[in-house]
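So the structure is just underneath, and the comments pick up after that.
Think of it as A, B, C and D in the order they're written, each chain with its own count starting at 1.
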């Protein structure tokens, strides 16, 4: 059964059609990637799913519930976690406290929240950094902290905006390796990436390709890299460059 | 007919008063736009401007309608130095600290002036004060208010031109739009901010100088104008200079009409009620285009 | 790290406790040895600071006179100032400071009616006499406290005098009251409303205004539309000047401009440099005192004041001056610095000839100070009422602005 | 760390409660009353201003509601304590209204909106003389039979204790973490399911209730109030200054800020007379320049830097160490 389903969703900002009639669905236990260049509409799409924006047309279902008009905090309560394209840690709080914030979704007790947060941090291999203040962290660590905070809310689906942007290829691969294990926790993921195709090819169950707000392809990574429109519109040269 | 003329008279008077409000508001808007600083010392700076103009008049016999230039120069310097010496070291710290700093500095200015010149009030008496321009039999406009209106209009236009069309002004607007990107475009943010602060404070000084002939001065005279300036900045759309100017005029007119139809004691409340309604219905201000 | 934190706090706490103890004990002894401390609360800073300075000058002149005559009870008199910052809560705190810490036997103050009203409960509770120099709002006397005495005449007396004067002039029918929204203004407006009603004068308009703003033209327009025969102002000096200037701009022409003193009775008001200049002409005002008053020493006080400050005194200064002299007299009569003895002496006080006229308190503690009505004529205040004190005839009706 | 803070707070409270044993003068009680009153007010403000990071400069509205509630309702024949309670309710009502409108705004907009609300209330109280007595003022009943400075002083100490307890609870609870998250980044807070508006509103309601209690005590001490006194922006800014100088968002900050500022203000006034505001202003400027996180904040920061463990300055007390 589909966990997330978008049905002809459009969003307009003034004259700009940021998302145009996008439809796709994602099943439970899947790691999907939305691929597209900067400005293709990925962040807008995430914001629509997370309740920051509401679609002008179309509707979004999550766990067979209509969520098109939900507020961001309600969306989290339903089980949609998210990270931001630009990392937004709570700078003056420690790594653990940042993560605890997510864990508070299911408990009132700070002790339980800390316990839960620790588990998540260990999983993301951040156990050593737990008591550092967030403001001193390096970018790769901050990226993980974003994910940790979202994971601590125990989402069914996690939206990872530009999850590997700014990371070196090896860092990106290491992170992706971790994400690949998310379904073990019963979590599906939708990740947005610009053009780190190595990661996509290795990690994605499904790929959705966006261009100028329009979806131009959906399928397995292998299908996508063979799809002429996709190659034509976007992947072509880069894919060849990478020699995959 | 009688009613029409009294309303018209009130509106015209409101515009004259509003033009001085506008200058105060424009100064605050420039500072707010470029620095996101809510300057709680704005009224105190204006008060200093009044004292400078007053001293020039008493000491050198300089007519306040020229003396305001001296006041503007002095305040520009004061504002520039205030920024460089006190505000800059704490830029990037929390809003709290910046507000505290301006609050504290306002106290220093007010009490300092009182120690220097005493708490007693002063006023100047120009022969011009009794002159009125009569338009028909029903409308009359007071000469000093008219002159200050003219000067305020000119200076307001100048300030607008400066912000829209000079290098410095463009830089200031660039910073207002995106503080983080501006340095990438080769803008010396510190310099621009220091100059903007100086100019913003100087505008308040000019308003003080122009207000002097029709008002009086004492150390705490500026306090009421700080709050008014906030209202204008918000109504105008945070940081929009032309918006703040329009808001100043509107405030002048609204206050006069409130006085005429309801009672002067409610004028201040009406200012704030308008302010709150605008803030809740249209947070970008009546005249502003900037998003919150 | 834990200990560092704790120790710093301990130091703080000790320091606090120490200053507390010291303050409580040490200062008490010295006051009574060879000095008599008299407590004064006034507004040295804040919006009323100008009047606080007038107080200070008046007190200083009286203090010089007292000490040059050998002080009181063989001791030097000293004034113990507490700045209320023009804030009522600070004035109340001043009472505690002056009484508990400095052990003063009597308090003079405060400046404004607002602050004075605020300290009445405090002095009553502490059983220290309070001598009020300048608070005209009648609610400062409303509690009936046996510890309060007022030198100046109050808003009720102002209104009654003005109405009596108007009746003598041919009983105009309509009146507008314009007052600033403070305790002083509102009290005077209320008093006038009552007095006018009793005298059969219809109050066609009452206008409150926000003090110290630059523009009252619309308010005056509104009054103009009701065309009252009399206008009664309750304003401080700064607004008095603005109002009269803008009355001309608006073309407001009642037959009588009358007022509850204060701004309209200040020495500066008819001057062009610090007042309304020629626009002050013809305005009537109640007044408590003038440099030209017939009381003994008025001229001398004026001279001393000019010598000290370079300007003429408003009646706030002489009220402060006389308040200190009255306090000294009471201490002398009581031959003691016991607050209760001084209070009793104040009740019996009789100073038939002072610069401020006779000083004598009625059972409620109010000095029966005669209220004069003055009119500005040729840039000078002239007493025009009551008839036995009048130096000049009133000029009525007030000529319209265009005919001046 | 956290235990040390608690110890200091308790020490202050014990000293405060013990003061009547040594202090005799009413004046000192009044100064100490102000110290503890503004400690409590600063702590109340701190919930909204410090923890949630919403810089309110309109708390005079709640303070005035408390004072006027007490005066107006007891004039109508209601028992003073009940009247005070009604005043607190009134303040909470105002807070709901003010918060409802202004919490949709962020940053300086919010600050200015809070000022505007308080000012509207002040002007209204001045003009609606039938209810409030207008500028002529209103008599306030004493809350205690022997309404001396001493009993009100002790009430202020108790209020501070209550405010400290609430702060202690907030700073270690989920609610407190949520407030801090909102302060640090509201969007991030939303992304982990924080209902930011509701959290801020809750903080404001608690803060308003405490502030109104403080206003009631204040009115009861002076026995007489006018709008320009209890609804003035001076009250709002003093609350904020106490908390910010002491250290916004810290447990002890407002207490330390009030102890230092309120005693300094009184001391300065007695030493410098007319120049005391200048010195006070200088003090503020110096603290801003050299103690960027407030007195308590910077102190804690310095101490922490000396120690080996690096920890955040706004460290929320909680079960952090494993």
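Simple rule for what comes next: a residue touches a chain if its C-beta (ideal position, glycine included) is under 8 Å from a C-beta of that chain, and two chains touch if they have at least 3 such contacts.
On a predicted model such as this, the values are computed, not experimentally measured, just so you know.
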Going only through chains that touch each other, what is the minimum step count from subunit A to subunit B? 2
Intersection of contact partners for subunit C and subunit D: B
Taking each chain's centre as the mean of its C-alpha atoms, give the chain farthest from subunit A. C
Per-chain C-alpha centres versus the global one: which chain is nearest? D
So what's the Cα centroid distance for subunit B and subunit D, whole Å? 31
Chain-centre distance (mean CA atoms) for subunit A and subunit D, in whole Å, is 42
Go ahead and note the Å separation of the Cα centroids belonging to subunit B and subunit C. 34
Counting in whole Å, what is the centre-to-centre distance of subunit A and subunit C, each centre being its mean C-alpha position? 73
Counting only residues that touch at least two other chains, what does the list for subunit D look like? 126-127, 274, 276-277
Could you tell me which residues belong to subunit B and also touch two or more other chains? 111, 114, 119, 263, 265, 268
So which stretches of subunit A touch two or more other chains? none
In graph terms, with chains as vertices and touches as edges, which category applies: line, ring, star, complete, or other? other
One finds touching chains in the pairs A-D, B-C, B-D, C-D
Parts of subunit D lying in touch with subunit B, wherever the complex brings them together: 49, 55, 101-102, 104-109, 111-113, 115-117, 119-120, 123-124, 126-127, 233, 237, 240-241, 244-245, 248, 274-278, 280-285, 287-289, 292
Which of the residues in subunit B come into contact with subunit C in the complex? 2, 6, 9-10, 13-14, 17, 20, 111, 114, 118-125, 129-130, 132, 140, 142, 211, 214-216, 218-221, 224, 252, 255-261, 263-265, 267-268
In the complex, the residues of subunit A that touch subunit D are 50, 52, 71-73, 76-77, 81-84, 88-94, 96-97, 100-102, 104-105, 107-111, 113-114, 118, 131-136, 149-150, 152-153
With touch defined as at the start, can you tell me which subunit C residues reach subunit B in the complex? 44-47, 49-50, 52-53, 181, 207-210, 212-219, 221-222, 225, 237-238, 241-242, 245-246, 248-251, 272-274, 277-279
Taking the touch rule as given, give the residues of subunit C at its contact with subunit D in the complex, in rising order. 1-2, 4-6, 8-10, 12-13, 16-17, 19-21, 23-24, 44-45, 81-83, 85, 87-89, 92-93, 96-101, 114, 117-118, 120-122, 125-126, 137, 139, 181-183, 185-187, 190, 208
